[in-house]
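Listed below are the structures to be examined.
Shared between the two complexes below is chain A, which has chain B as its partner in the first and chain C in the second.
Let's look at the complex of A and B:
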């Protein structure tokens, strides 16, 4: 847990340092150790470079990129007419195509294409007027056809960007806007779910999810810490929900985020990256990334190497562990999907005459009908009502809550993680971390200065984003300090 | 060319598809479906089945006519027998029973894997009811047909002649099967093939080889028994060709009036040539592939096997058209047509591609080919030699594309959802491996292995992409020739007449397929319509066919020319003892071969 505590203390915008003792086993092709006294450049919330300061400490630049799978909110699946519904009885939403019965063929769902175009436009992407579908092959129990239909060669949208804001040092008053580039958005099929019953040594397969439409968003590695990634995903979530292209509820798997993490020294090529999976909330996303950054720095600092591997985030342990790699160094043997002609989109200029309107998707038409995006709404709030920018964020989240969508207030609160932190263990861990990080304050309290305890309570509140009960926190801290 | 729509059933006119990019342009070709546009599903309602009203006759007239006729029906053409049904000269049940009896007595041909006697008789009964009410569903009502066993048939086993699908009963009908049933056709059974349609002899399926009915014909026996041998010695039976050998043999031996095959590299035309029947491979995208268990998605088309060209046009008319379940079908309405009797061919330009003078082409077939060219020339048509320079790369290119798609298409057979599952239970992976080892024969496994090799990241550009580019060149060769004013290409269908089984199996499947597909498979590469027309008997008394290749979606022109040719050559009728027993009575003998 030490690593987690140290990481938490570093936070975003801080300087990652690791005493470099050995250069002998420097990893990475073509890289070499740099000289002492090299100016350390790291990212921070202000976007500027920060010198490492103390000599003897080599700075590390963490690099974070995200791959996000957003389940498209649609009535039926991407290539079949089966319904899309969360938590339906197992295998109740499976068409012949979904079960890959021989002789069945895919037929593209218009709604899914429109959702992807909307999302692409909202993320400032270039929409490809012609995109292609490919087959990606691998054997897995929940992939009935033995391949996934995806868009590997020419995806539907490319070269976009997502602007998001985050506050410096957790102060709402100091917001800074950052941008992450979107490499591409591709349409693809979801897989089914398999459940391994180890005691009876069998695998149960549920194909309800097999074939549901996904948008895979690939973000360029433009982020440098968990908090940035979390802020970017939060903004994306809000955009998708505003568009209605995805419900984007992480807990229901409608938004799945994998993080690519590497660290390197300034002026050096990017380090070997790991892919962190199994992240099921935004909070864990930040945790997982920060843990992984710290782990890599430690590993390299100890003379180790980083493997290009997939790691799973264990939310209970708060760390990442190597996954028994189902994909490994697999060759996916991509090939064009022969049963789907190219997907052709039109704009006002290229719109064909005399064509069945049901077969035409007009990018301009969709563009004109895009709802106000969160950023625009905030601007309006600030400009028209003189609201402080930081409050505009809160208001917008509230607005999202008001939508309701048939959810009870309790569900909404849970979904957005607004409820009081109930997990005593977690709270204890956070208290411990705060205690471990504040030696002087602890000494002062132990020396009898009880007022300093309030500072520790404040730190815990900050960490939990105000979601902890101060009375309980006080009790916990007192108990821990008296141990 | 027009393009496809979604299942909402809207049939509004569509804009023409964008023209294919230039041959040397990038990205590489993926004809023919990739020249079109993706279809968008609207999740709307389904289209109601098409129904036609028929006219009935009074019961008395039907009864009298039935007494007069009915005996010679099996050797009639589909159109003739349909007329007989309509006029009440024969009932659907009688017809069905006769076919079933003939299937039984020609069981040794091994043309059928499954005979659906019970459902066939039930369908015939229902058809009979419709005729009685004077409301037949159309020309196909009551017509016994057979379907290759790689088309899905609801409630009836669909095996692909493979252990992998032995006992597999599909829950749905292939679109083409559904269309036939909707129009009242009587499904007699599922015909034999090479495993998963991979082969050119119909010798490589788990149910054993198909025997060519001509092996038992008077014509073959007379010419092939060496005089020196004893009288009772049977000549070697010959292969039916493949992979739709069961369907070709079924039509050829008069057990059904038409059959569905599939054609990926020649699998309909090749057995049609060897069995002396008409075999039509329509333009890619004209007939739905939904429910056809794929071999190579970008080349597969359902094929039509019939006794004559007119019948092929009838079947085409009842099968063609857009299918919302197959995005690669064209969106235009297809208007069924009747073939005119061509009297003047002087406006026609027939191309003779010199590359089809391939190594291994028998001198006999070469002679028939030039005779056919002369026939057109003498009738006033323009006959020109043309060149399709990239045709010689076709086979090797086909090998790469075919195996790659096979590797991909076969990935779904893992023993989990359906089909064979091995008892090996050590792990999911070992179960997969054992299932696939036990389920597929060597030919299928071999193609899966090569295909996966070609698709490996390090090989993809070198083999697959290159093969796609060559495919584009092959297709554009045809385009150039047709643009130069040629209407139809005339070529041989096979290199020689059917080989005796014992001789055929001396070579492995791959060698055989490469040789046998050589004249047929370029049409699949280019997606063009092509038809085998039985032409004459060889010196051994076996059928020889010639192939006509037409322009995309110009089936009417292709079939019109084929029909003219068919009329000129007067291909002889097969003389089978078995058939005579079941179809005795007054049978108007056609003239013996006039084209030899």
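Let's look at the complex of A and C:
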């Protein structure tokens, strides 16, 4: 079994990025985890994952399932009329209901329901014409009611699928389409935000986010590695942004992803899974999952066991650590939300005759007005312009980038730091700094080894985040070194 | 059929109630017995009822307009302690002591 080095799919920055992942050569006694080496766990085009281990040792199949929370893009909250806005003064966007003051009741926001229906339709789900709300109980300072209103028994959408593409070789010339099944989509409330003040041993609570509408998307464990998860989430992001149902920006907490990871031998039952939380970017998502897969393989290989626990991803250390605040398995004591009757949705056939239009949500009406999804747009680009499929990915992401409301292309470019560094003085300073920091290399160049100059050029490129003109950099460096 | 001490302890942790004494536990037992009468009815093939109002209980859908909020001062008035317009809470969940460590009625039973 040859180890196949796979490349991560294009990132959402409109720039092709090569992410080289490092894994231990596994199995092997005395092998250091995460040392430079071949990729031990590989997702092949047919979907299974196999470890490129020594013959005779049973391979491991990693299983990855995602739970995604997408904040609904709406003016007001799911069950109250307070505003939804990022970064406002603390507790300024909070209604009496959000603060769980006695005597307040939930009132469902029509826009949130439409967002969930759109998303369900875009992901090929069956939309439940009757769905129910439930209470999920647990105690935490940012959950003033002591329970979250969610849809545990009968969610709004079930049994869908998300198709995404992966590059399976170095040259990005072979793309394969994969599918992950969507188990369900449910509407639920977001909680407030806790700021931990360890010095004064207290938590500061801001309820601005409490009650904001969320769509929880539960995926079946159809994936086998970080790369697949990253690609799937990127595609989901694009879909949500195209629909407008969520802005899905991970950095602003509008898209939160938790990963469930386990490993097992082929033919054996699934292994114990761990839940990995605190993942703040798609890049970290892939890292966290791949780390956890390796950790489990290593643990089991050493004769240990995997605990059914929740682990947090530490982005600085690049590893997962057990979360301290979890006391055993939670019992949420689900019960029907007594203040909300069933949510009834209609289609063209079942449309009631004498009801106020504002009170009716028609699934077919929403279906007819769905915009072209990214996959359709890409197909059209390929067909119309004869471009390569992988280029259609870049174009679409660039299009999203440039769609920024009210921003000129120039502003978007500046914002995403895509433009070349124009300030010659600044570039000169950077070149000088690199020269000053690389004594040995400078000596080597002056002694006649010109190839080392490329290393310095590379360092300048790194410092300028790829925004410098390499020809100009070479000229500047050569000039300085000849002085 | 009595409710076990383990279940009572579990409930106390989940709901942060204190059964306090034998009277409290007895009241719980009687409540469970009362509710158990529901099992006497055969509900095979019958859909659970959401409300006695049935179809007449319609879920009202609100328009997506901002109509509330902006009452920070009022909300914070209820809080014993605040810091720069934040509510103040303990550092994390403070778990109830385990049964063996408690000095409550349940421990004695």
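We take it that the second predicted complex is superposed on the first by the 346 of 483 C-alpha atoms of A that agree within 3 Å, B and C clash if a C-alpha of one lies under 4 Å from a C-alpha of the other, contacts with A are read in each partner's own complex, and residues count from 1 in each chain.
The definition used in the following text is that a contact is a pair of C-beta atoms (placed from the backbone, for glycine too) under 8 Å apart; a residue touches a chain by one contact, two chains touch by 3 or more.
Values in this document were obtained by computation on a predicted structure and should not be read as measured data.
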{"item": "Clash or fit (per the criteria above) of chain B with chain C on chain A", "value": "clash"}
{"item": "Chain B versus chain C as contact partner of A:95, first or second or both or neither", "value": "second"}
{"item": "Touched partner set for A:145, first chain B, second chain C, both or neither", "value": "first"}
{"item": "Chain B versus chain C as contact partner of A:317, first or second or both or neither", "value": "neither"}
{"item": "Which superposed partner A:335 touches (first chain B, second chain C, both, neither)", "value": "first"}
{"item": "Touching partner for A:376 - first (chain B), second (chain C), both, neither", "value": "neither"}
{"item": "Which of chain B and chain C A:108 touches, first, second, both or neither", "value": "both"}
{"item": "Partner chain in contact with A:203 - chain B first, chain C second, else both or neither", "value": "both"}
{"item": "Contacts of A:353 with chain B and chain C, given as first, second, both or neither", "value": "first"}
{"item": "Touching partner for A:195 - first (chain B), second (chain C), both, neither", "value": "second"}
{"item": "Shared chain A contacts, counted only where both chain B and chain C touch the same residue", "value": "75-76, 81, 96, 99, 101, 107-111, 113, 132, 137, 139, 141, 201, 203, 205, 331, 333, 336, 340-344, 358-359, 361"}
{"item": "Touching residues (chain side chain A, partner chain B) in the complex", "value": "75-76, 79, 81, 96, 99-111, 113, 132-133, 135, 137, 139, 141, 144-147, 153-154, 201, 203, 205, 331-336, 338-344, 352-356, 358-359, 361"}
{"item": "Contacting residues of chain A [partner chain C, same complex]", "value": "74-76, 80-83, 89-97, 99, 101, 107-113, 132, 137, 139-141, 194-198, 201-207, 325, 327, 331, 333, 336, 340-344, 358-359, 361"}
{"item": "Chain C - residues contacting chain A, complex", "value": "10, 14-16, 50-51, 53, 57-72, 75-76, 78, 83-93, 95"}
{"item": "Residues of chain B that touch chain A when the two form their complex", "value": "3-8, 10, 12-15, 18, 27, 30, 33-43, 151-152, 158, 160, 165, 170-172, 174, 289-294, 296-298, 324-328, 331, 404-405, 407-408, 410-414, 416-418, 425, 428-429, 432, 452, 455-457, 460, 464"}
